[in-house]
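A quick write-up on the structure given underneath.
Think of it as A, B and C in the order they're written, each chain with its own count starting at 1.
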Amino acid sequence: MNTTLLLVQALNGLQFGILLFLVAAGLTLVFGVMDFINLAHGVQYMLGAYLGATLAALTGSFWWGLLLTLPATLAFGLLLEFLVFRHLYERDHLSQVLATFGVILFLNQGVKAVFGTAPMQMPVPELLSGGVRIMDGLLYPTYRIAILVAGLATAGLLWFLVERTRVGMLVRAGATNAPMVSALGVDIRRLFMLVFGFGAMLAGFAGAMAAPILSVEPGMGDNLLILAFVVIVIGGIGSVRGAFIAALLVGLVETIGRSMMPDLMRLFLDPSAARQAGAAMASMLIYVVMAAILAFRPAGLFPVRR
Amino acid sequence: MADLLLELRNLRKRFGGLTVTDDVSLDLKRGEIHALIGPNGAGKTTLIHQISGTLAPDSGQILFAGTDVTHLRMAKRARMGLARSFQITSIIPSFTARENAALAVQARHGSSFRFFRPANSEAALNEEAMAALTEVGLERRAETPAAALSHGEKRQLELAIALAMQPRVLLLDEPLAGTGAEEAERLMRILGGLRARYAILLIEHDMPAVFALADRISVLAQGRVIAHGTPEVIRADPAVRDAYLGEDEVA
Amino acid sequence: MKRPDVLIALAIFAALAAAPFIGFGQGYSLTLLARAMIFGMAAISLSLLVGGGGLVSLGHAAMLGVGAYAVVVLDHARITEAWMVVPVGIGAAALFALVTGAIAIRTSGVHFIMITLAFGQMAFFTTSSLALYGGDDGYTLYNRLEVFGSRALERGIVFHFTCLGLLIAVWALVRALLHSRFGRVLQAARDNETRARAVGFEPYPYRLAAYVIAGAIGGLSGVLLANAAEFVAPAYLAWQRSGDLLFMVILGGLSGPHGALMGALAFVLIEEWLAKLTEHWRLIFGPLLIFCVFFMRGGIAGLLRRG
């Protein structure tokens, strides 16, 4: 493996990690503030991709598609909160897991019913097509760099909102001690709704941004959801900073592992066996990392003090 | 020395900047009730937590019947004969009163890795469980789910569970908490009757009860033992009156 | 009658025994019933964890998967004798449960749910990379297991009663466990961990034992599932399958193994019925699940108790 390839994989890993963070951020806040397990967060990502692709096709513009996706996913998140989630805050985790699992079944099938099973495509915008020359012989797609930049900017904005604004202060306090925030006279339900809608919008934004480089298809949110859960568990539930670092870690390990493991295996095995074993090890790597981290730090890397 | 069942040597515990247990040394002999009193926040329950094994002290030693148990886990200490009751009732709500007591009997009666025989039909477990319930006067409620018991009955059950462990030392954290006058009187009679067989460390806010029951009293204030002696000595101690008794002139 | 749960279970077993003779004897019906009974065993084993121990596992499908892939690996090596394959399937799943459980049970609550999910995913990705056994596409078994060299299991009716016999055995085993000393400690630790410790029980070994037993039963269901379908694929281990299993347990109710049994039967039959109705049956199934969570606390067993 040469440095150029490694650099490309590292960039891909970071970019994947950033997308992962946008999904995980909402999940970890909802989890931290409301002690609520939302398996249906992954479908918000899928919806973002579908809405982005559809709206872009309707308006004929990538930018309008992306822009309109934000209020659309926000509205959808609030609708789900109203119809389903708010009735589950007081229930145990088992009920939350099951009911939100029901939401996944419904929405994955709903998307199939509306859009069909064939993958959809969202075109890369004219402005961001082509590549950027990073070093000699390395042309990296401009769009992927744009995702990286947009993701980092969103992460910065999120950091500002959570750390520097009054609402963010309440959210952080809520993650540590929800009854206390209630006692301060804050309408905790409104706060929950706000966090929920915002989280749904972030996931939708990630989905729409990823749409041009992925195939948009039913169930695309499910595997990402599992990785997002891995991220928030590694990062420490409720910690946005933890989610950020863990998301980059998971993104890098996943991407680089996938490209390097087969090569590594080839040192010990014949090529075809190495390819199989390497792919298996790469997919497992992330869970091995998680198990190892939890074995030593059961509350994750950046536990939120309760 | 054989009668010395529990000994605390220079226990210290801090939470952040707050010292909750400050160089506490105490002992407890067979056949006595040693009461621990003090204002709220004096560190009484924290001390019980350290003795029972829920919290680890920062330094100092806990000896149980001459054995150092400072670093043993709670379950291990319980099996050695160190039973505690909780200030806030801690029972298994879905079990009947008898099953709650039988669980405690089971812990010291052979292995619990027995998979096939119904535990409810084990006569040996049930007999001892019933004996413990009878001792606290709860035998008529044996088949009632614990969740359906009245508050006073739950306090009785809490005590019955501790007795069913057939411990050598009982750590009782406010056994009378939240009980009515009649229930309190009944529980006090029971406690008085237990004195002969166990060594009891009693935390209680009900001062008449403490002075009626205790052989010795230690007074805790801000994590430190400020006085120690027979009820008469404590009653007369001016420092105690200052720190504590003076508040409501109960004594 | 003091034991309504036994009556319910016996009634179900009687109905399953009679089914082939009252119009459900064709291949199609028998296949469906076998599937229902196999998921019944898996759901009962999961109910030991969720109901008995308060351990919400979102990775139970992996146990079935390990059992099913044990069949595949042995089939590939031309070993198809039930007395060899079944113990290996059960043993492999129990071993997998022991290793993953030893780590998972150190955690609790949300972390337990997540770590069981993660281990399930590990198993899922492992099976999808096993190119030797078909990878993502799965592996087709040409024959069911032999019993002492006999191919009797190929006959639907024999397979039906084999599954029924094992289902009854699994139900009786889990019911006995929950009423034993072991089950008492497990449930005490579920309800009030501090109290269990205070009387002298460290919950960890009891929970781990329950996890291994549930894994072993899951492995058995996996072996049977592979033989029922004569096909094994990584989809058996997908986390959605673990979600299905949890739904079965909750649909039936947590009050005992009879609840999980009812839940599994109801799940498989409703799924089949809806799938015939419309291609988009999940559009109904999803909301049904939400409805059950909202309005059917206690599951079917709870409804029967009240009704």
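We adopt the following convention: a contact is a pair of C-beta atoms (placed from the backbone, for glycine too) under 8 Å apart; a residue touches a chain by one contact, two chains touch by 3 or more.
Here the structure is a predicted model, which means the values were calculated and not measured.
J.: Under the stated touch rule, with chain A ignored, which chains end up grouped together?
T.: one piece
J.: What chain pair has the highest count of contacting C-beta pairs?
T.: Most contacting pair of chains: A-C.
J.: Closest chain to the overall C-alpha centroid, by per-chain C-alpha centroid: which is it?
T.: C
J.: If we define chain centres by averaging CA atoms, which chain lands farthest from chain C? Would you check?
T.: B
J.: What's the distance between the Cα centroids of chain A and chain C, rounded to whole Å?
T.: Result: the chain centres lie 31 Å from each other.
J.: Return the distance between the CA-based centres of chain A and chain B, expressed in whole Å.
T.: So the centre of chain A lies 50 Å away from the centre of chain B.
J.: Give, as an integer number of Å, the spacing between the C-alpha centres of chain C and chain B.
T.: The computed centroid separation for chain B versus chain C comes out at 44 Å.
J.: Please output the residue numbers of chain B that touch at least 2 other chains, ranges allowed.
T.: none
J.: Could you say which residues in chain A touch two or more other chains, in rising order?
T.: none
J.: With touch defined as at the start, can you tell me which chain A residues reach chain C in the complex?
T.: 31, 35, 37, 39, 84, 87-88, 91, 93-95, 97-99, 101-110, 112-113, 222, 226, 229-230, 233, 237, 272, 276-277, 279-280, 283-284, 287-288, 290-291, 294-295, 298-299
J.: Under the stated contact criterion, what part of chain C meets chain B in this complex?
T.: 176-177, 179-185, 187-188, 191-192, 194-202, 205-206, 209
J.: Residue numbers of chain B touching chain C in their complex, please.
T.: Those residues of chain B that touch chain C are 52, 54, 73-76, 78-79, 83-84, 86, 90-95, 99, 102-104, 106-108, 111-120, 122, 161, 164-165.
J.: Could you pull out which chain C residues touch chain A in their complex?
T.: Touch residues, chain C against chain A: 50, 56, 58, 103, 106-107, 109-111, 113-115, 117-119, 121-122, 125-126, 128-132, 135, 239-240, 243, 246-247, 250, 280-283, 285-290, 292-294.
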